[in-house]
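Going by the order they are written in, the chains are A, B, C and D; count residues from 1 in each one.
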Amino acid sequence: MFLEKLHQIKAFVLDIDGVLTDATVHVTETGEQLRRFNVRDGYAIQLALKRGFKICAISGGKSQGALLRLNTLGMADVYLGIAKKIDTYNKFVEDHGLSPEEILYMGDDIPDLPVMKLAGVPVCPADAVEEVKEISVYISPKGGGHGCVRDVIEKVLKVQDKWFDPNPVAGDSTIVSS
Amino acid sequence: MFLEKLHQIKAFVLDIDGVLTDATVHVTETGEQLRRFNVRDGYAIQLALKRGFKICAISGGKSQGALLRLNTLGMADVYLGIAKKIDTYNKFVEDHGLSPEEILYMGDDIPDLPVMKLAGVPVCPADAVEEVKEISVYISPKGGGHGCVRDVIEKVLKVQDKWFDPNPVAGDSTIVSS
Amino acid sequence: MFLEKLHQIKAFVLDIDGVLTDATVHVTETGEQLRRFNVRDGYAIQLALKRGFKICAISGGKSQGALLRLNTLGMADVYLGIAKKIDTYNKFVEDHGLSPEEILYMGDDIPDLPVMKLAGVPVCPADAVEEVKEISVYISPKGGGHGCVRDVIEKVLKVQDKWFDPNPVAGDSTIVSS
Amino acid sequence: MFLEKLHQIKAFVLDIDGVLTDATVHVTETGEQLRRFNVRDGYAIQLALKRGFKICAISGGKSQGALLRLNTLGMADVYLGIAKKIDTYNKFVEDHGLSPEEILYMGDDIPDLPVMKLAGVPVCPADAVEEVKEISVYISPKGGGHGCVRDVIEKVLKVQDKWFDPNPVAGDSTIVSS
């Protein structure tokens, strides 16, 4: 059922906090925020982009660190400071000529609800809030920042026979540290 | 019983370390401290403030980072460097004309004990110390910094029919990174 | 048996990495190391010092951050960059006129072994290595950096009727952020 | 079977992210990345080097912090920004005149697969991805950054009667903080 739906997926739309991160921020004395990303998620994102998938991140937060991290993984569609995610989502969908059943959306909290309902395949991490779990067609056994993104990208690429890479490149090899 | 008491709650008084954070500090070589906050807690705090609840944080510590984090979530009542929490608590209660049964206090350690006993609804995170658990009317299944604040705010707003937000705003969207 | 031995304890000797911290270091791009301390440990350390106990930390590492953190908690006896812990331990014991049965030592790894054997009450965190567990008279259910120090200080103060504080001061209230 | 193979091991080849670290990066607002290393791993690395073992780290990432951390532990063979690990591995093997059965390789993700198959003893942390687990002769009960490196170094040194150190030096004592 769920796996069936993955055959048509062409794009991933992801929340940042609680999906690409573990839902926490480390705050310094000057108020700077550090976010925790998963490098195994990073490998899957790089491979999916190489395979031609579109990957978009939409966040209410304004973390420049998240932007830099995701850009170095090759993600061009990173939208920050978005209070209402639906407009951004609709523009992304339109720009790329996507239909709902071609989109997998992974969110973890209430602000994701309205937009998740528009996506053909709404999914969530193991530690998503109840309301999000209720409308998800799949709950990853992995939590936010602990591999949930890797889990769903891997599942999509596998059903489409695009996961195996005879010549894998080390996950962060394109990342240039600041 | 516990849920019954939540109907009257108008204010939340929260400890910082071990409640809004996971009871650890990351210390740099120069002694700067980083604290770890939960973004799902942040969503609930923003919504509760929007609904008119008062939220106050009282801490023995002097973390400017905590102050900045909580201010950006919209919390005005953040008191740091408070050795004896009772005076601060009493002033907050008086300023807002609150009665004990209107206050939920969440604490995790011994310094919270004297003031917790004054609140109508003393509660604690899953990893609070024994003495605090003993006087709590509710022990959240979530630990400090891992969603315990979200858990109790959500419970209060739900019994008061104030949780559902037809137009949710992404959690950290009002946060301006330093 | 174990609790019996605690009646005579006058001093705590603690390892830093893996006991006062969670055995990890976060390393920045410039090689700076961040260490993770527990604030509930901090409360117990401050109370024990107030009660007249001696608390000493001996570490092979040279973390200035650890030094600052422990100094602000009131600990004067913090020894860093100590390859052979026995000499430092012996000097501390001699300076304070302590006998073995008055000393509780908490360590987690091989470098602690020789000196642990000298202390009357050798103990360890839940995640200590096997060799250390084997010679410990007590294995805390809490891990390094997750409250193991609080656990043993609390146990000592309780058997000596020194734990209850009618006027508790918030744990980190004496800490001045850098 | 597995323990038998350890008698011949003379060198360890390790991945960094997900093996020496916990597979996450903390990202600051300016894009700087922090990585989390285990100090008990550090003790084992220092001891193995003292015993004459070769230890090599090969990473797709370019973390200067990882380089500094591993250098201060005494590791000279640290190779960063390596997209294809096989060439680096082959050069390391040739430089030190090693044969496959003398090499233990610990990896956690797809980019490790091609090179793991060359090593006599391919192993992985508890949280490695499925493909890596399938070709590993041993899966450590410890996860990446949580002692998996300590676990395998300890096992090798024990079967070779090189683990016991009558005069242990504290793990990080040679580390000079930047």
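One rule holds for everything that comes next: a contact is a pair of C-beta atoms (placed from the backbone, for glycine too) under 8 Å apart; a residue touches a chain by one contact, two chains touch by 3 or more.
As the structure is a prediction and not an experimental result, all values here were calculated from the model.
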Expressed as a multiple of 5 degrees between 0 and 180, the CA superposition of chain A onto chain D rotates by 90
Could you check if the interface between copies chain C and chain D is built from the same residues on both sides, meaning over half shared, or from different ones?
-> different
Where the centres are mean C-alpha positions, what is the separation of chain A from chain B, in Å?
-> 30
Multi-partner residues of chain C (at least 2 other chains) = 26, 29, 32-34, 63-64, 177-178
Hey, which residues of chain A end up touching chain D in the complex?
-> 22, 26, 32-40, 43, 63-66, 68-69, 72, 145, 147, 150, 165, 167-173, 175-178
Chain B-facing residues of chain A, complex = 17-18, 23-34, 59-64, 81-85, 108-111, 113-114, 129
